[in-house]
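Next up is a structure, given as structure tokens.
Chain lettering (A, B and C) follows the sequence in which the chains are written, and residue indices restart at 1 in each chain.
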């Protein structure tokens, strides 16, 4: 990256105008006016916020709403979704897709009620359903995932991923819309969680911050294959554990310890933990100045 | 999730109206008009921003403010807090609570000045106090934690957790308002840090990204007990280490290495590290195609 | 933190006014009207957004822009940058610095096109360039890093760090502006990634969430020295691996496994993995109730 620091200010000003112009021409040449104009982050975020407000009201106006008002808001929500869908799907399909998504909403709502109840039941620091809804990023991530997964099931392109990234940006939790997640799912703290496209998660599963359910092989040719693990019912996976591979199944009622690196299946009722032990050394035992790198 | 893809568009439009209406009735039936209307994320975020602007001004208007102006802004801040408190505490208590919180502010400010100074002193990449205040998410997390912990000490419900989540969303650092944190605390980088409700942290402690100070047992019955570790003065804990358990104490002046999983106490002046060594294998040594999962 | 809970409401109200006033005087005494007024987060974030919109348009207005319009926007961008630079650099230098930064933009744009193409080529879940640009936080982090690194190379103080923190807050990826990053760099998922000031990264490198390229010694006296590792061409580093030290080099075409803690150099074509194996224990094998802490 060579820099022309020599030119005088007068000459430079003209230079820069030319520079802007020639760079602008490069930028224009790379633009594809026919390319799909995707829904913006703000548009997708507003959709998430409206679903959250409809499903789990926290504000005074929301709590006191009548069925007529909510029905009208659901209709508006569908119209908004239809407009977003028209940016990623054929124009003749988007209204129909929005309608089919609306049909999924009562089931999604029911799943989300269960998720919230199970978080309150499982966390000694959780005091109420209101607190979970207002203050648990893991719950926001699940709300968005169930919406994104619904759209993914209707084969909607890109929009499900945009939804997932709204959740990722807000919570640090990255769940691919394709992941299948059972009832009463709980993510605690959650920052750094990654759940891959073909992961399958049973009922009553709980995972902590930094857990990855990922792929062993990430060759482009693996697209479409099951690359991510299966986690059976009531498994708990502690912080920063990494479970990888499409053939890897963690059997039901198992516990996976923190910082574990697991790439093979384990049967039901397993405890999985590292053989690595920590060692403790006193400063007085050491001759040379020590660093944590020892 | 069955989908009715068969119905024609005309019939569908009526269907959807009925669907909206019946789902709206479910939503209304789940609403509790008497439930507490919690302070919104925006409201709590604005409170944090105003404290940051008062304590550590970066803008021209802020820097030039007089004592009269700042005094008036402190009074407004207290009124805002009082309004938020009325949403989570009895109406007759909220003004008094806001006043008692205001009494804590000078001490909190003094602690935060020390935190900022210790970050500059300890980080070779930090060039000035201004840089730390403007660009260190670990500092924002400490500011919010000391505010939230003050409210937690006054037994204010939920609002401290909402404050903590503002910091979590902005920084990826999740500190429960109950955690007791000593002077000159430093979190570097910070994404993925989790510090539990009953953790106790001494003076001059430094922790890095991905560190968890968590609980061993997360049974709901453990609520109220000390479930999280004690970290004594001048301990350093490196990236992605996990320290767990209410009886676990890391003695003063100890160093905990990165990626360590520690569930027992260690004495003062300890170095704690994994016995696990990495192994290196050359591609030419392998017969079969290798993956990172080996 | 003693609390005066005894005083009556009437007396308290006066107290609080005095309290505000005396605390305001402390705050004023700590302010330095001559201190630099740094660019705000909003200002720096808007700069990032405008570069993103210019380089990788997603909205209808952007896609259809002419070279004249883009040239005018580049000129405005430079004027905005110049204003921000005047807050951190001498007034007589800021216009010149903005011009020298503008000269770097075509090269930065070319690097970023390569980055986006390599992400599509390497990720089985990526379906198009548009999806990468719209929905990959790792790509946003690289965009911002290449901008920040350009300013860092011009010895601009603080502003590069403010840019890096915009990316960190949005993506959970923390790259110091000083880090040297080669062509076709890919960060997947990315939450928790930390790349230090003196790291050197070759071409075609791919890293996953939670990877740290950090320092072994973090003494303040180490400022200015190479403290962070060198990663040669085509290295892949999996989730939550930690690579530390200024003398540590990972040779080209190597693979570093997840959760590895690496503090020494490895030659080209190495596979690096933990010797630690996971152990699996069945519930029926245990006499006492087990926890994951075993």
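Convention: a contact is a pair of C-beta atoms (placed from the backbone, for glycine too) under 8 Å apart; a residue touches a chain by one contact, two chains touch by 3 or more.
Every value quoted in this text rests on a predicted model; they were computed, and no experiment measured them.
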How would the chain A/chain C interface be labelled, same or different, where same requires over half of its residue numbers to be shared? different
Equivalent-chain rotation between chain C and chain B, CA atoms, steps of 5 degrees: 120
Please work out the Cα centroid separation of chain A and chain C, and write it as a whole number of Å. 20
Which residue numbers or ranges of chain A touch two or more of the other chains? 172, 191-192, 210, 240, 244, 257-259, 274, 276, 292-293
Residues of chain B touching chain C in the complex: 54-55, 57-60, 63-71, 74-75, 78, 95-96, 99-100, 102-107, 109, 113, 121-125, 127-128, 130-131, 134-137, 150, 153-154, 170-172, 189, 191-192, 208-210, 216-217, 239-240, 244-245, 257-259, 263, 274, 276-284, 286, 290, 292-294
Can you name the residues of chain A that touch chain C in the complex? 1, 3-5, 9, 12-13, 15-17, 19-28, 30-33, 35-38, 40, 157-158, 161-162, 164-165, 168-169, 172, 174, 176, 191-192, 194, 196-197, 210, 212, 214-215, 218-224, 227, 236, 238, 240, 242, 244, 253, 255-262, 266-267, 269-276, 291-293
